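Read from first to last, the chains carry the letters A, B, C and D; within each, the first residue is number 1.
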Amino acid sequence: MIQLSITENIHNWLFSIMPEGVASIVEMVLIAVVYLTIFAVTGLFLVLLERRVAAWFQLRIGPNRVGFQGLLQTMADAIKLLTKELTGTERADKFLYNLAPYFVIISALMALAVIPFTKEFHAFDINIGIFFLIAISSIGVIGILLGGWSSNNKFALIGAMRSGVQTISYELSVGLSLLTMVVITGTLQLSEIIEFQKNGWLIVQGHIPAIIAFMVFMISGTAETNRAPFDMVEAESELGAGFHTEYSGMKFAYFFLAEFINMFIIAAIATTMFFGGWLSPFGITESLPWLGVFWFLAKTMGLVFLMMWFRWTFPRLRVDQLLTLEWKYLLPINLVNIVVMALIVWLNLTIRF
Amino acid sequence: MTNEALQELVGNWLPELEFTEEESQFLNIHVSPQNLHTLMSQLKSNPETQFDYLFCLSGVDWGEKLGIVYHLESTSKRHIVVVKVTTEDRENPVLDTVYDIWATAEFHEREVFDFFGIRFNNHPNLKRLFLTEDWVGYPLRKDYEDDINMILH
Amino acid sequence: MSYFSDIYNGIRTLLTGMSVTGKYFLTSRKGAITQQYPDNRDTLKMFDRFRGEVIMPHNENNEHRCTGCQKCEIACPNGTIEIIWDRGIDEVTGKKKKKIDQFVYHLSMCTMCALCIDVCPTDAIEWGQNFENSVYDRSALTRVLNKPGSKLMPGVED
Amino acid sequence: METEVVNTNFKSEEYFINMGPQHPATHGVLRLLLTIDGEIIKKVEPDLGYIHRSIEKMCERDSYQQIVHLTDRMDYLSANINNEAVCLAVENALQLEIPERVKVIRTIIGELTRISSHCLWWGVMGMDVGALTTYFYGFRDREMINDIMEETCGARLTMNYNVPGGLMLDIHPNFVKRVKDFITHFKTKLPEYDRLLTGNIIFQKRTIGVGILSKEDAISFGASGPVGRASGYSCDVRKHHPYSAIDKVTFNEVLKTEGDTYARYLVRIQEMWESLSIIEQLIDNIPEGEHRVTTNAVIKLPKGEFYQKVETARGELGVYIISTGTKNPYRLKFRSPGFSNLSLLNHIAVGGKIGDLVATMATLDLVIPDIDR
């Protein structure tokens, strides 16, 4: 059996031709470049996918002119955004105003680093993976808050405040629903969690509480990413464009891309925690480890599609209903669920193959 | 209630009212500006008339006079009456508001003020509705002239 | 108990909504209601009463039916039509007769109310089906409807 | 001694926000000056006039045929019903005998217009509460009506199909078939509207109990159309002052008593069913005959005052003509439904959140050119 271990080979090769210090710097730069590319490509692809999926839900055709089936449409949009003028309000806090998009995009990039695409393709496998993800994903909201506050626009400010409220609340549910699954695995390290699922995906292992945890995670994950039906922050029929009202050109594009990358990250976490990450269903392609990327992306895209389906079907909640949903429904359910899960694990009622 | 019965009933309240039915499909009541508010509140509150629905309030420039035409309907009795009031003061016309009787009059009276320049006593928020605050003149008056925007043929 | 029935009902109604959009998603290939406009130009056909612009049909002898009675000009609410007319000698009767010099039509002012066509006694003007009216210069929207050198069709009277 | 300067208009927590004139939820160029405390609305003050064209002044110089086409541009979503209002007023003044065929066709087209307007409203209502897909479903069905209109009238939005004395053209030979096709199509799509939006829990939470208007206030504010009927106020002009062929058909006036946003929504949905049934009753029985009575080329109304009410998709439209016997009206006033419906916005939106205001405005179904005229 041939192990296709590309990353291992590159690592060995780099260290064989260079001194150790230089090699590790070069390696870091290489990884950074690779992840930036992934970031851009995923973002652009997801924007296109969203537009096509929306079109299909809405009896339209969607972008299909630029490139084959419109594949280059978002690329063209990005180029257009690059060439556009960067506007801003007069009495905006210039420093924070310019800083905000980078907060959002850097936090999204950092989260991307710990996502295990496959066994070999995993930039940053730390032993507190889940913990790191939860922590990082809430940093992005600082960017939104800064952007909304510093652009000196009341609509943007309302959007930013809503975002703060929303993230503080839903962070709890995201964390708790992931913790429910950690009860089964007993580890926070993402690669170990996936290894653990060789005996059956966690959503099967944990059966009822796992399914509940998955639903809670998808709902609160959608809320985390500020997507409809939880898009209070943008709420175009209420606030115009919400926190990014005053952003234009590439700064707007950063916010826009980050939203889609965050959606990808939420779907990727769900894939890792509930659907066995890169593992193929029933181990059908276990002999071909490099297919892991395919399985991982397929599952992730499936969940991304689910989130798009939500977005193009449901009306938006109101800001107080958003909080009611979290504090009255999701949080109590989650707390009960975590106890149930603990009981199930304690009584060894998990389903394992 | 028929127009005759209405005329008889309303005629008893105030002696100075004039009634016409010619050239109109409804009963017209002409009232002087001083008695306008009294008559209107009577028309609304009297159990016989119950005109609780002011469906049209139009300002009219009658030439030398400026006036307002109120179209009233009763939603329970389904009879209609038209009340007309005029003022001869074209420079500074003032009438009483009926905003406290029918809430819809607030906007309609602002519209009349905007286009005819009739001021209303006790109106809560009497300012230009459609036009800008610094607009000169009252466009729906017959003597209004605007060489740039108006094409007459 | 209403707490749990609320959750159940909520999820049920949400899934019902998703089934509606999901059905359209699956049948999206044949169900698109939008048209890819410039591509379907050849097959795109307007209804025969479509009001695109006012035209004045001419026959093969370069003759139109407009007598220059100016009824359309009076009927038009926007001053879209201007008829510049002249008096000429009728060849048959030898009398002086009104004839049009230029039938000027300002498309930019036209509201497509059809009053001119409705009022025309000789059916000289009618609706054209052209709807692609955009031009680069506003002056191109002012058109002279009678062709150069055209004259009144014989036998058309007010 | 220092004097403290206190701004009496604002409490310290309140601030002021400009919603519009370019805002997605104001559906046009309406400007709302909101006084807000956090997210709670304290005061709504509409600022109008951004597209005021002074149609009433223009009418004073136009002939009666020309006035009809101006009404297209008021409430452009129920253009045909607006046309009908002016035509009816002129015909009543001239005491013209209108053929039955014209009356029936006018009623059918009026109800089609109402459905088309409600379809658009439904799509936009969904969009205002955040469900963007409804917009396209609503427009899909509206498109069929637009095609019917285009085939018969020649235009899709500003038809100018009615003229004093009848109809400009007879109906197109395909008209009856197309209308029947539409009825079959729409009867399968209306339940879908309910499944997608009406039943949705988020939508119900967003609308039930929001923007409550009591019956007394509805009458006092001159609310009409679905806004009034949702408050239990029977205000359908078609019932109380029937015109054209509406007295030949049986239909129910949809009344709700809750008066909230959801009730207004349901009234409109059910009105679409009622309109469908009106069309069904008439479409097979269009009498033969003339489509137009010849009038003088220059219409001169007798001296006097004439008032005509019709029920547009938004409510009661009144046309008040004062004639001095010339070919132009001395004064022509349009009592537009949107104007009165807008005036109660401040009354029902105060105390709600920004999201509530948007949902409430969506069910008031404002068309700004109708308000600005």
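Everything that follows uses one rule, which is that a residue touches a chain if its C-beta (ideal position, glycine included) is under 8 Å from a C-beta of that chain, and two chains touch if they have at least 3 such contacts.
Model, not experiment: these values are computed from the prediction.
J.: If we look at chain B and chain D, which chains touch each of them?
T.: Chains that touch both chain B and chain D, as defined above, do not exist here.
J.: With chain centres defined as mean CA positions, report which chain is farthest from chain C.
T.: So the farthest one, by centre of C-alpha atoms, is A.
J.: Cα centroid separation between chain B and chain C, in whole Å?
T.: Centre-to-centre distance between chain B and chain C: 42 Å.
J.: Between chain C and chain D, what is the separation of their C-alpha centroids in Å?
T.: 26
J.: I'd like the Å distance between the centres of chain A and chain B, where a centre is the mean of that chain's Cα atoms.
T.: 63
J.: Quick one: which residues in chain A touch 2 or more of the other chains?
T.: Expected reply: 57-60, 312-314.
J.: Hey, what residues on chain C touch two or more of the other chains?
T.: 14, 17, 20-21, 33, in rising order.
J.: Give the residues of chain B that touch two or more other chains, as numbers and ranges in rising order.
T.: Residues 153 of chain B each touch two or more of the other chains.
J.: Let me make sure I understand the interfaces: which chain pairs count as touching?
T.: Going through each pair of chains, those in contact are A-C, A-D, B-D, C-D.
J.: Where on chain D does chain C make contact in their complex?
T.: Spelled out, the residues of chain D in touch with chain C are 62-63, 65-66, 69-70, 72-73, 133, 136, 139-140, 143, 147, 150-155, 158, 160, 163, 168-169, 172, 192, 195-197, 199-202, 204, 297.
J.: Touching residues of chain A toward chain D in the complex: what are they?
T.: 54, 57-60, 154-155, 158, 228-229, 231, 235-240, 312-321
J.: Could you please specify the touching residues of chain D with respect to chain A in the complex?
T.: Chain D reaches chain A through residues 15, 17, 23-25, 39, 126-133, 135-137, 140, 196-197, 200, 202-203, 205-206, 353-356, 358.
J.: Which of the residues in chain B come into contact with chain D in the complex?
T.: 22-26, 52-56, 58, 60-61, 69, 71, 75, 78, 82, 102-104, 106-108, 111, 115, 129-132, 139-140, 150, 152-153
J.: Across the complex, what residues on chain C touch chain D?
T.: 9-10, 13-14, 16-17, 19-21, 33, 47, 49-51, 71, 75, 77, 111-115, 118-119, 127
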